[in-house]
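What follows is a group of structures, each given as structure tokens.
Both complexes shown next keep subunit A, but they swap its partner, so subunit B is in the first and subunit C is in the second.
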Partner chain A sequence: MAELQLHHLDKIYDNNVQAVYDFNLDVKDGELIVLVGPSGCGKSTTLRMVAGLEDISRGNLLLDGRDITQAPAKDRDMAMVFQNYALYGHMTIYENMAFSLTLRKENPNVIHKKVLAAAEILDLTAQLNKKPSQLSGGQRQRVAMGRAIVRNPKVFLFDEPLSNLDAKLRSATRREILLLHKRLNATILYVTHDQTEALTLANRIVCMSMGHVQQIGTPLELYDSPNNTFVATFIGLPPMNMLKVTIEDGKAKGDGFEVPLSAEDCAMLAPWSRKEVILGVRPEYIAEGGDLKLKVSTNENLGMTTLVHGKMGENTRLTAKFRSWANYKNGDIVPIHFTRMLFFDPETTNAIRKEGK
Partner chain B sequence: MSDDRVTQLDRMRYTKNTASSRLALLAIVFDVLFFISLYKSDVDTYYYTILIGASIVYNLIFLLAAFLCSEGVKNYQVSYSWAMMVLGAGQILRIFIIPMDAHKTLVNNAPVMGDAQFTRIVIYLTLSAVALFAGAVINLQKSRALSAHLASLKA
Partner chain C sequence: MKRKLEISELVFKVIAYTFLTVFALLCLYPFLYAISASISGRHAVEYQELILFPKNIQFEAFRDMFGNNQFWNAYSNTLFLTIYGTIWSLVIAILGGYALSKKRLLFRKGFNFFLVFTMWFSAGIVPQYLNYLATKSVFNSVGIMDDKWLVVIAMGMAAMNTILLRNAFENVPSEIEEAAIVDGASEFQVLTKVHIPMSKSTIATVALFFAISRWNGYFWARQMISNNNEQPLQVFIRNQLEQYTDLEQLASWTKDYAADSVIFALIVCSIIPILIIYPFIQKYFAKGTNAGGVKE
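== the complex of A and B ==
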């Protein structure tokens, strides 16, 4: 049982720079929450505040209802896994994993059983007598996770644990983290700047920018119904196309293109009639065939899909993701249509949604 | 065999034999204490003999060998136990060479090595030898227990 509540957390440094603004989050028992955002958005600072490595300037942090805002890191019953593994190079894997328990003067036999159990979970049994330098990056990160597991903490904190790994290893280790979460049913706070990690791992995602929480929701909510243009462009790869359009005569008119709107969209966009809005189209919401013309500039084949970059009109840049192998050349005109569209207020950048949604 | 004992044995698969290793290092410490207490400069020509050179060379060899043993027994290697026993026996034997000879030899009607110095040196060498023997015995016991445990795991 480990429920974590972050109430109105602020982080203000001594030089009056505010890194985190009014952060609110209730983490349920066994939930995997991913904090995602670009560098400098305050996600790691938030994690470090939870871990007790940074002071909390304002707000409260509660673990299972107990206020731990001022509690030292060692008394918080949390284990942190760092990006750089933070393993002791002169110790064996066994000694690294047992280290925190040895410091607590636990019974050596109990430590041994815990280390073997964690090694079994992480498939590290054969590596226990080796030194960290003899292991691959992925194995080292698993050791770092093992060191956290043996402590049996209430909350696991992961600070960009996969950033040092190459793409293939990152994907494999990501799956291991997912399996680990299912197996331990642990409460996990996970920080990353990689939206793929966020989408694949999270029960819920907290998307942050400039110290502010932009949206909290399930991966599908963030992908399908982003709160604003930041979330819309940050989640999804390639990012969502943002096109300036004017709502007029049941159409969204942009530079060199016009898109007819459904009755539902017309009703929703009635207050923006003859005004400019931002039309958001994910590359995967664009399909071949239709009335719109895309002038191709580059064509990237990715195997099962093709990314086509080009322009509609003079200044409207667009990226489309087609579910086929295409070989368009620079200058080709490709007929396209949008299968789904989102709209954003250009002033507030917030999503324009139907009443009640 | 109790569960605790089995776990204790199993732990040895991943932990070093620090007890034996530290005893070997302790033997080095006592040897150094012995060696820095051995010579005196105001006893005429007593120390200008071939034995002195041999004792210095042996001491260097002892330091190196004892250190290697301390590393070897860490990994439960039986052969280092025997080496430690030989080194321990050597420390006992050394009592009867220079210290004993210097204690018996008179220069200007006084022994080269007085009672107090001789006693101190005998104690250092004995302690060094005891540390080596103890380390060797502990390593023998542990490595045999570990071998038996590994054999039972294989079976």
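== the complex of A and C ==
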């Protein structure tokens, strides 16, 4: 059992720069939480506060109900995997994995068993006598994970563990982390700037920007109904198209296009009548055929899908993702329609939602 | 296929190798001459007939020297000063360098400045003498009267070596230290299990610097150690030199070898340990031990 509660965490550095504002999160036992956001959003700082590597300026951190806000890192029973592996270069893989248990003066037989078991899980048995410098990047990151597993900690912390791996290894290691999570049923806090990792790994995602939590929810919640324009554009690849429109006569009118609104949307957008709002359309919410016209500038075939970049009107840039192999040329006019639309308040950037949603 | 050298590269290589070979021979010559003079006959040494190879080979100078108890006594004193001195100086330099490498150290900039300042503006022997007096008064107050320990303890600090170690510790990636902290290491364990093994090459280098300076230590031993039986080899050599250059002594010299041969034999014996140790430590000079620990 390991439940982690982060209550109103603030991080203010000595030079008065505030990196994290009022961070609140309850992590349930066995949950994999991904903190996602661009560089400098405070996600790593939050993780380091949980690990005990940074002081917590304000707020409380509770592990299974016990307040560990002031506890030193070594007493928190958490294991961390770093972006650059942080292996002890002078030790063998075996010694690296056994290090924390050796420090705790565990029985050597127990250590041996645990190291062999972890090596087995991570397919590192043949590498145990090697030094980190003799291993590939993916193997080194597995060693770093092995070092965490042998400790059987209450909470696993991952700080961008896949960032240094190439694309192929990254997806393979991502799957391994997923399997590991299922197998150990561990509570995991995972930091990444990669929204794909967040969507594929997380039970719940915490999306952050400029030190503030923007939204906490399941991957589908963040993808389907983002709280604001930041989450809408950060989650999803390619990012959501953000179009300026005016709500008028039951239509959303933009530069060079008009979209009729459903009765439901009309009711929801009544307060914005004759005002400007932001219309959010994911590239995958755009389909071929319809009244709207997209003037193609580039066409990218990705195999199963095609990304088509172009313009509607003079200044409205749009990216569409078609579920087919298309071969549009520069200047082609493609008829399209929107299958789903989201609306955002241009002042607050918050999503405009139906009452009660 | 091997690439052909261009003329300019070839000329450069020829000049560089020639220069380095000549320079190496120049460095080597005094050693060879000392060995040669220590085992040559009296006439060849006294009339300076030696160039490189020994003449009228004899080993009496060595035999007589090895038979001299004072020599062995001085040798053991030097070993004492070198071993304990190196250990003590290393302890100070490692602890000092580690503390100074930590950004969270209070007044870190000030401490670093004071350390570097002593290197820019050396106050000669004054601070060392003050250090000697202070250590001596502490020794006296606790009843330690051993002058050799006085040399070991009072001459322990070396700014340059402390800075070398500070830099080495600063180069240990912070993530590795953090990994150790999360793994449950105490501050002392972070130092002994992570920083020291990862800075092995620098520590070996610094240890060699300390050992050589302790081995060659002459001035302070002569000043601080009052008892002749406690003097190290370097002071003993100096005493012998004074003795054998005394004209009266030389006039009454009746041996088959020159008085200088004894001095050269002493010098040879005093260099040998350094020559033996050097190759063992040399392997650390070029090699770092942190390869592969973190992604650079």
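Keep in mind that, in the parts below, the second predicted complex is superposed on the first by the 357 of 357 C-alpha atoms of A that agree within 3 Å, B and C clash if a C-alpha of one lies under 4 Å from a C-alpha of the other, contacts with A are read in each partner's own complex, and residues count from 1 in each chain.
The criterion applied here is as follows: a residue touches a chain if its C-beta (ideal position, glycine included) is under 8 Å from a C-beta of that chain, and two chains touch if they have at least 3 such contacts.
The model shown is predicted, which means the values in this text are computed figures rather than measured ones.
Trainee: Taking the superposition as given, does A:128 touch the first partner, subunit B, the second, subunit C, both, or neither?
Mentor: After superposing on A, A:128 lies in contact with subunit B but is clear of subunit C.
Trainee: Tell me which partner A:94 touches in the superposition: subunit B (first), subunit C (second), both or neither.
Mentor: A:94: touches subunit B, not subunit C.
Trainee: After superposition on the shared chain, which partner residues are touched by A:210: those of subunit B (first), subunit C (second), both, or neither?
Mentor: Neither subunit B nor subunit C is touched by A:210.
Trainee: Determine, under the contact definition given at the top, whether A:53 touches first (subunit B), second (subunit C), both, or neither.
Mentor: second
Trainee: Please indicate which partner A:108 is in contact with in the superposed arrangement: first for subunit B, second for subunit C, both, or neither.
Mentor: First partner only.
Trainee: Give one of first, second, both or neither to describe whether A:169 is in contact with subunit B, with subunit C, with both, or with none.
Mentor: The answer is neither, since A:169 touches no partner chain.
Trainee: Which partner does A:137 contact after superposing on A: first (subunit B), second (subunit C), both, neither?
Mentor: second
Trainee: Regarding the shared-chain residue A:184, is it in contact with subunit B (first), subunit C (second), both, or neither?
Mentor: Once the two structures are laid over each other on A, A:184 reaches no partner at all.
Trainee: Using the touch definition from the top, say if A:287 reaches subunit B (first), subunit C (second), both or neither.
Mentor: After superposing on A, A:287 lies clear of both subunit B and subunit C.
Trainee: Once bound in the complex, which stretches of subunit C touch subunit A?
Mentor: Subunit C residues touching subunit A: 173, 175-176, 178-186, 189, 193-194, 197-198, 200, 289-296.
Trainee: Per the contact definition, I'd like the list of subunit A residues that touch subunit C in the complex.
Mentor: 51-53, 73-74, 78-80, 82-91, 99-100, 103-104, 131-135, 137, 140, 147, 151, 157, 164
Trainee: Quick one: which bits of subunit A touch subunit B in the complex? Just the residue numbers, please.
Mentor: The touching residues are 92, 94-95, 108-109, 112-113, 115-116, 128-129.
Trainee: Considering the complex alone, what residue numbers of subunit B touch subunit A?
Mentor: Residues 4, 7-8, 10-11, 13-15 of subunit B touch subunit A in their complex.
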